[in-house]
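What follows is a set of structures for review.
Heads up, the next two complexes both have chain A, just with different partners, chain B and then chain C.
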Partner chain A sequence: MNDDDFVFPAVRGHGLPHLISKGVDPKYYLAEHCGKSTGSCGGVSTYHNIDTEHGFFGLAGTLGTGFPISVGYGMTSKWNGKQQVVVSCFGDGTSNRGTLHESFLMAANWKLPIVWVCENNQLSMYVPVKDHHPVENIADLAFGYGMPGEVVDGQDVVAVAKAVDKAVARARAGEGPSLIECKTERFVTHSIGLPDRIDLEDRTKDDYVELKKRDPVVLFQEKLLKEGVLTQKEMERIDQEIAVEIDAAEAFADAGSPPDPSVLDDYLYAK
Partner chain B sequence: MREIQYHKAINEAFIEEMERDETVYLMGESLRGANYPHSEGLAKRFGDQRVLDTPICEAAFCGAAVASAMTGYRPIVDLMFIDFMYTAADEILLKAPQWRFMHGGKVNVPVVFMGAAGGGMKLANEHSQIPSSIILHSPGIKLAVPSTPYDAKGLMKTAIRDNNPVMYFWHKQLMAVTGEVPEEDYTIPFGVADVKREGTDVTVVAYSYMVQLALEVAKKLEGEISVEVVDPRTLEPFDLDAVLKSVEKTNRLVIVDEDTERCSFASELAAQVVDKGFTLLDEPIKRVCAGNYPIPGGYMEQHVLPSVEKIEAAIRSVAV
Partner chain C sequence: MRLKKEQKLTLYRNLVRTRAFDQLFSRRLGLGKLLGFWHPAEGGEAPGVGACSF
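The block that comes next holds the complex of A and B.
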């Protein structure tokens, strides 16, 4: 993807993985969560995030917002001659929203350059996917709108990259939208402080042990080692660099101060 | 009398009404796993025919509830955060309230919509609103806004038994508040205000969590200014007489409303009091509401929402 390609992040992580994947410094994200004026939204939003240079024009708290918003990004991409594409991410639960269908329809009708990416972690809060979606694959929704729908192993970083690459190329070539469903897992509770439950049952320690065996980061590390792309040492260096970056982001967030109340008027209407 | 928490009071209302009337059922997202404690234990007790976990399809399940209500059932629809009602605005604001009227009164729509309202948790605009004015602007739906565990239970039971659509806001800041709740069956009639504290100098009308803030200020001003706190408990129907009666005594009125000030319930009540009780007033009516901004998250939230400081200042400004 290019810097100016649009991304609508999925709600999990409030867009952090999506921001990082486009090279955005996470310190603005963290400062925003800490309510500091140095945050990406000036500290008024808690969890919304924005980085227009990198194609992020916002995140919503009401799920399903991303579908129509992405249609708009797609229209801009199609009209402005800049060859941009849109990658629009959402959870399995979010796929329930009616806005998905309206947006899939418009995007398909107008052949908009959108890659719809469903991050299916099998859970919508406490509701397992089998109880909120009637068929095995959410990707099958694509066929009703005449777009390709592909299922990939979401724990396999390379497989996801390949599928997205293909769909991005198709979108950029003007051939219209596609849908990719990445099968993955939720490793933690829905939200910190809540029980981690599937329907009526709390998940157990053993469940986590099983889940962690398929951690995509670990699997990818093993693959890189095995194929000789990176050595153990190089891997450790990367881990250290990450720790330094996280520390720096924390320090940046700590150093910021809360916004001045005068921003309320500045932010309400454009001059 | 025993004391229980606000969320437990709601939970008891569900259990008692679901046992009393088998057409009552609960529908919403992650209710079986109890994402909020008011649905704890219900799935085990009543089974999955009466505690339904829906997909994230607000428009569909709110619309379905309207039809289900018309055709013999009494659905309670839990929207989780009330802010999500905007995604089902047609169903909640046009269909539920207006279907009966538009069809010549031939059908009833006994549905309860409920959701977590209000701020104070720094969750920003899409998880912090208490959109009373929007409900009040849609004649045909009632609005219950309990401020105590006692009211929470009694109003929920009345809401479930009412033959009309009812919107029920429970407040996140009240969830763990405890208060006296009798063990025996009781209901609270809609449209009957409760004087939460008697006083002679200034009338404060407040609802939901704002009642607690008003009581805090009233206590603080004890000995200096005698504040009467009137809690309408439902905003539609609304007990205007109770407010006029109080203002007759105090001649001063402060209205505390956590909703956005412009076109708010507070504005509406001010207009009604001017209309019906102009001669009772010695001072201008003061409104303490959320400022005319989206509700920000983080530290900025406090600059927009009402607070004890703002309520105190308003009371002092009229208590000359």
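The block that comes next holds the complex of A and C.
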């Protein structure tokens, strides 16, 4: 993807995986989430991170609004001739919104350059996907809109990267949208502070042991060590560098001051 | 798409950084040092990282 390609992130991690990977410095997002004026939106948005240089124009608290917004990005790209691509991510629960169908239809009909990425962690808060979606694969929806649909192992970061790369090339060539469903997992609670349940049952220690056999970080680490792409020493160096980055990001966020209340009007009304 | 060594390392680094920052956000929310709420990505980082790294 190019810097100016659009990304609409899914709810997990409030877009952190997407923006880190697209080259945004996460310390500004941390400061934003801490309500500091040094944050990416001056500390007034909590998690609606905006970074126009990297194609991030915020998240939506109301799930499903990302679909039509992504169609808007796609129309912008088609009209401005810049050949920007849109990567629009959403969860399995979010796929139930009616906005998905309208947006899939418009995007397919107008051959908009959108890659729809379903991050299917098989749970919508406490509701298992099999209880809210009648067929096994959400990717099968693609067929009805005449676009390619593919299921990939969402714990295999390489498989995801390859599938998205292919779909991005297709979109950029003017051939229209694609749908990629990544079968993934959620290792912890839906939201910090809430119990972690499936239906009315708490997830058990055994559940977590089973889930973590498919840890995307560990799986990839083992693969790279085996291939000789990564050495133990390099792994430790990367860990150390990240620990230093984390400390610096916390220090940056803690040092910032809250925004002055007088700026509130600046963000409410168009000038 | 055939990934070069550097690209694989980029993916790895982005995954590990995401995990580390995500856990930091979770920890800070528990300590009252993050505003609002936090929906952790832990376990489900690969779709976002794989989609946005290249």
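Going forward, the second predicted complex is superposed on the first by the 271 of 271 C-alpha atoms of A that agree within 3 Å, B and C clash if a C-alpha of one lies under 4 Å from a C-alpha of the other, contacts with A are read in each partner's own complex, and residues count from 1 in each chain.
In the analysis below, a contact is a pair of C-beta atoms (placed from the backbone, for glycine too) under 8 Å apart; a residue touches a chain by one contact, two chains touch by 3 or more.
Bear in mind the structure is a predicted one, so any value in this text is a computation, not a measurement.
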item	value
Per-residue contact with chain A, leading partner among chain C and chain B	C
Partner chain in contact with A:T46 - chain B first, chain C second, else both or neither	both
Contacts of A:G35 with chain B and chain C, given as first, second, both or neither	both
Which of chain B and chain C A:T184 touches, first, second, both or neither	second
Chain B versus chain C as contact partner of A:K78, first or second or both or neither	neither
Contacts of A:E250 with chain B and chain C, given as first, second, both or neither	second
Which of chain B and chain C A:R170 touches, first, second, both or neither	neither
Contacts of A:L200 with chain B and chain C, given as first, second, both or neither	first
Residues of chain A contacting chain B in one complex and chain C in the other	34-35, 46-47, 190
Chain A - residues contacting chain C, complex	1, 7, 9-22, 26, 30, 33-35, 46-47, 87, 89, 115, 117, 119, 121, 154-166, 180, 182, 184-193, 211-212, 215-217, 220-221, 224, 227, 229-230, 238-239, 242-243, 245-246, 249-250, 254
Chain A to chain B touching residues, read off their complex	34-36, 43-48, 60-64, 93-94, 96-98, 124-127, 131-133, 190, 194-195, 197-200, 258-259, 261, 263-264, 268
Residues of chain C that touch chain A when the two form their complex	1, 3, 5, 8-9, 11-22, 24-26, 28-30, 33-54
Contacting residues of chain B [partner chain A, same complex]	29-30, 32-35, 43-44, 53-57, 59-60, 83-84, 86-87, 122-127, 291, 293-294, 296-300, 303-304
